[in-house]
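Here the chain labels run A, B and C in written order, and each chain numbers its own residues starting at 1.
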Amino acid sequence: MSSTTEPDGPPPTTPLASASLASTQDDRDLLLYESRLERPIRVKAPELERSGRLRHLIFSGQLTVDLLEELGSVADVIRQLSRHRSGQDFLINLLHHKRAMLYFTQPSTRTFLSFMAACQILGITCNEVRNPQTSSETKGETRFDSIRMFSSYFDLIIMRSPIARLAESCAYLMNDLERSGNRSVPIVNAGSGADEHPTQALLDIYTLQRTFQFEGSTDSSLSTRFEELQKLPGCDGLTKGLANKTYGFCGDIGRGRTVRSLAMLLANYENVRLVFIAPDHPKLVMRDDLRQRLLAKNVTIHELSSFETLLDGKPVIEQLDALYMTRVQKEHDTPEDADCFAKIDFSRYCLSKNLVSRMRPYAPILHPFPRDQHSGEIPPEIDNDDRAMYFRQARNGMWIRSALLAHVFDADGQILRYFRNEFQK
Amino acid sequence: MSSTTEPDGPPPTTPLASASLASTQDDRDLLLYESRLERPIRVKAPELERSGRLRHLIFSGQLTVDLLEELGSVADVIRQLSRHRSGQDFLINLLHHKRAMLYFTQPSTRTFLSFMAACQILGITCNEVRNPQTSSETKGETRFDSIRMFSSYFDLIIMRSPIARLAESCAYLMNDLERSGNRSVPIVNAGSGADEHPTQALLDIYTLQRTFQFEGSTDSSLSTRFEELQKLPGCDGLTKGLANKTYGFCGDIGRGRTVRSLAMLLANYENVRLVFIAPDHPKLVMRDDLRQRLLAKNVTIHELSSFETLLDGKPVIEQLDALYMTRVQKEHDTPEDADCFAKIDFSRYCLSKNLVSRMRPYAPILHPFPRDQHSGEIPPEIDNDDRAMYFRQARNGMWIRSALLAHVFDADGQILRYFRNEFQK
Amino acid sequence: MSSTTEPDGPPPTTPLASASLASTQDDRDLLLYESRLERPIRVKAPELERSGRLRHLIFSGQLTVDLLEELGSVADVIRQLSRHRSGQDFLINLLHHKRAMLYFTQPSTRTFLSFMAACQILGITCNEVRNPQTSSETKGETRFDSIRMFSSYFDLIIMRSPIARLAESCAYLMNDLERSGNRSVPIVNAGSGADEHPTQALLDIYTLQRTFQFEGSTDSSLSTRFEELQKLPGCDGLTKGLANKTYGFCGDIGRGRTVRSLAMLLANYENVRLVFIAPDHPKLVMRDDLRQRLLAKNVTIHELSSFETLLDGKPVIEQLDALYMTRVQKEHDTPEDADCFAKIDFSRYCLSKNLVSRMRPYAPILHPFPRDQHSGEIPPEIDNDDRAMYFRQARNGMWIRSALLAHVFDADGQILRYFRNEFQK
């Protein structure tokens, strides 16, 4: 389950600390890990595993195609079990002896609640610290001492932090403790700094997996819809699964870490094309480091500035197998950006009923949410369209996070066995 | 279980939004529901039910006499089960697969904790959002998108909001989702704006039901106390139950939504008289819309300005079967009110040991709490009087809310069956 | 289980309220209890018990040597059960029908989370109020009304407050309610004002009990390590258990309530010496009231200003059986203190690798945590030393608090029986 061989050094991000600034123990702690952080992911990924299983989830780069398939299957089983009282009872007792700490020093209601629900499905008891400053930190406690405190009381730390790669450093701290015979617990990265949010990528992929099974529960038979779709003009090459598809990304490509992670994961599938549609502004178009990484994976990429630009001779909006919309992350705007952005017509990067009507009949519309009512990148009149997947995407996030937690606690095998024995006999 | 036929258009309240101000999607969302909000409650109530059972609890007007009896019986059984370990174990496993969201953007520690405890008795796992601004809203998310997010992760939304009738709009949103085949969950209104707080009315009624059973656990036999009471002077007409009683309300009649809701529910019982005792100030006496509604129900009402005013030839304090005290809601005072109120002798609307000694020997004293230590409407020296029901009222709130949740999840039948089979054989 | 006979009037602390200031009901409530607060602990302790068992834990003075032994054994069993799934399942169902309120109006992440985890191990559901001002209090509610509200909904109140002896007053309130036939729940003091934090003392003692069992799980046999230690120079008199030891305390002796409580408890053991090492400043050295109380117990005390001062002819750092380090509590500094302290060389009260290397080979280093990265009283390079007990101390706190809660709910007997029947047969 080791990662693939892309040139995957760390993205250019604010370093945790630099030597000259290491005046506090917090700084010195992070400096200690600096050299480990700089290794390529193919070297680091195995350190985050135990017996071919994730111990910590820190990077989306740890999510191989095989692992994504495996987690998706477990999530599918969990949601099926959850439709029956006996299945719910099985799940709620599965990990009721485990206690999780949700350490969210960067606010995110949606991710937070999704993880809460994911834990609760499996019976895991949740605890939280959400203030950027815990009372201990105001008394001079280091971040690492706080993390060790959490690991004393709880069995899992799910963390979200504005500090780039703090989650990664904490995983190494846990590994060091394990090696010296001390208590150590898994770390799950729920968003760190500007670069990584692996469980968002996980839920995006899971939503695509679900969609491209072409097995909507409203179908008359499980195969009908797919066969009908293949008969439509332009859809004759349609296949099941994530391979052989054209994926569109629209909006704030440059600053959205979800685009970044999802694009990298999609590049691992066979024969995919990635299309990026963004206003022509250096902060909003793809960052060069992502471009280089994608090219190194031999994936075809197109960078466009309109839904109407031609691709294979037709407007790109009509050619996409899936469209990933994003919010313009205004909270990162500088005053200069604001001036510059005022001249951009962002409405050209918003969906409309008309645009959606021209999309392929099966092409799902995704959005990491929240969407912005003021920008209106997805107006609510589209919500009732069958292709609007963004609300189901949220619920998918809950199921796939449950699957991830079951995997980390090595309880996925039990789930699959129970399902086979009780529901499939 | 449809509502009765009073002229019950919405109370005069700040509208959710007006067309001219509908500049945001939030405003447009609420405008969409405007016309539905304005229908009379007898039309709206059935939409909030499924198969003769509450789906959403939004108005106290949904609580018919029959339903109040039914919920009261379930609450009585839940509290009896809770006295035994086997009963507790049954309850705690009853709904342990359900997850509730307590969305309290208007603070209320007491109501919040009461709902938490009510959920926990049945094993329901609680989650909360209590900041007026969730992080998603600061990113431009609409209220309706937030509610749909909650409905993605949780099985029930208990909401308290400063926005009048937001809970009602959310119930319609859930109904619309249900109709279009999407996920939809029940909404329970835990207080919206100035007009509705149906579970407070529910617990007030439950407390009166308990009191007027005349079956205190300290009685030598279950019927003795009632028979002795009937022999007392002036008590010969005493009956069990809420009918045939004189109910007093004292304090801030004009601004207290609890008085409003309770009075409307009591008006549904046979042969009741309602006495309102308040300082003679337009903000503090009964609002005319309530007066008209009560009169339309043919209930006898008296509006007095002192405990000493004569009723049937005796000071009213000696004639009441129950007394509902309230806090003067100073947080709603305008600067002009403050001037005006300074001239009122509020101490005349406070209880004293002497006043209580003149009350009927069984007449319960209720208060929605918190009481105000500075106003002193109920001084603590009364707390040990047998008629002081306000602390038991709080605990009753927990039991009756549990009963409500069991009803909403259609688990009340299971509770009654278990009780019959295990405790009554 | 009554307390011993030391002259143990209340420590000199800010009174709850003085008569002249009793203008609010809150003040009058506390004044009512004033006379009870001033009685010696040997009179008060029995009121906090029921049938020889703690009903409320308010003072560390309630923790007799026998009770400490008993709680330590239960904690040992709980941690052993927690290593097996069947034991975890037993524990998680043991008190799952109980609901706790953690009422923490003085912030403390560490103590808070430790109690949360301790509850969760036994299945107790946790609720919290952590804002200094609950919404009810802003509406004029008294503290006692708030506490009665909590006791209406929950089965246990764990409270931490900046108000000295509020927890004690609440325990008396609960006793009064019990006496008058009302609902009443146990109070556990998680820190009140500057004087008491009994569960911290409890976990410190438990950590010493564990250490002085000399039964580290890494030993080749359970007795080897102790026998080898006895052969070392200067260790020939080494015994198991807390008696016959020299305990060192270093740092902010004057203002640390943990030092205060632990010293008083250690004084109950046979043949102990207490050594206090602090800068020579009136705020930092031992307060005279503690000195007098310890002397009244006939315990030997030494007050020194350096690790190098001779004790029995050798530098004291080499003579200690255990060392309790503390953080200088700068949050209590006045502006004058700050000036004065600037002249003190605090580095002389910090540990170093070199100092540790001179300590006895078994002598545990404790710290109530958090440690201060800026003062550096324990630099992280010591963390990997076998004698560094401070992280294990935190986890011990969780186990011993679980044991305490099991004791308060009279469930400890069940735990011991289950262990005997299922794990020792």
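As a convention for this text, a residue touches a chain if its C-beta (ideal position, glycine included) is under 8 Å from a C-beta of that chain, and two chains touch if they have at least 3 such contacts.
Just so you know, these numbers come straight off a predicted model, no measurement behind them.
Looking at which positions face the partner, chain A and chain C present mostly different ones, since fewer than half of the interface numbers are shared. A rotation of 120 degrees, rounded to a multiple of 5, brings the CA atoms of chain A into register with those of chain B. If you average the Cα atoms of chain A and of chain C, the two centres end up 43 Å apart. Counting partner chains per residue, chain C has no residue touching two or more of them.
Note for the complex: chain B touches chain C at residues 82, 85, 88-89, 91-92, 107-110, 113-114, 116-117, 120, 218, 327, 331, 369-376, 380, 384, 391, 394-395, 398. Considering their complex, residues 24-26, 29, 96-97, 99, 101, 125, 127, 129, 134-136, 139-142, 144-146, 148-150, 152-154, 180-183 of chain B touch chain A.
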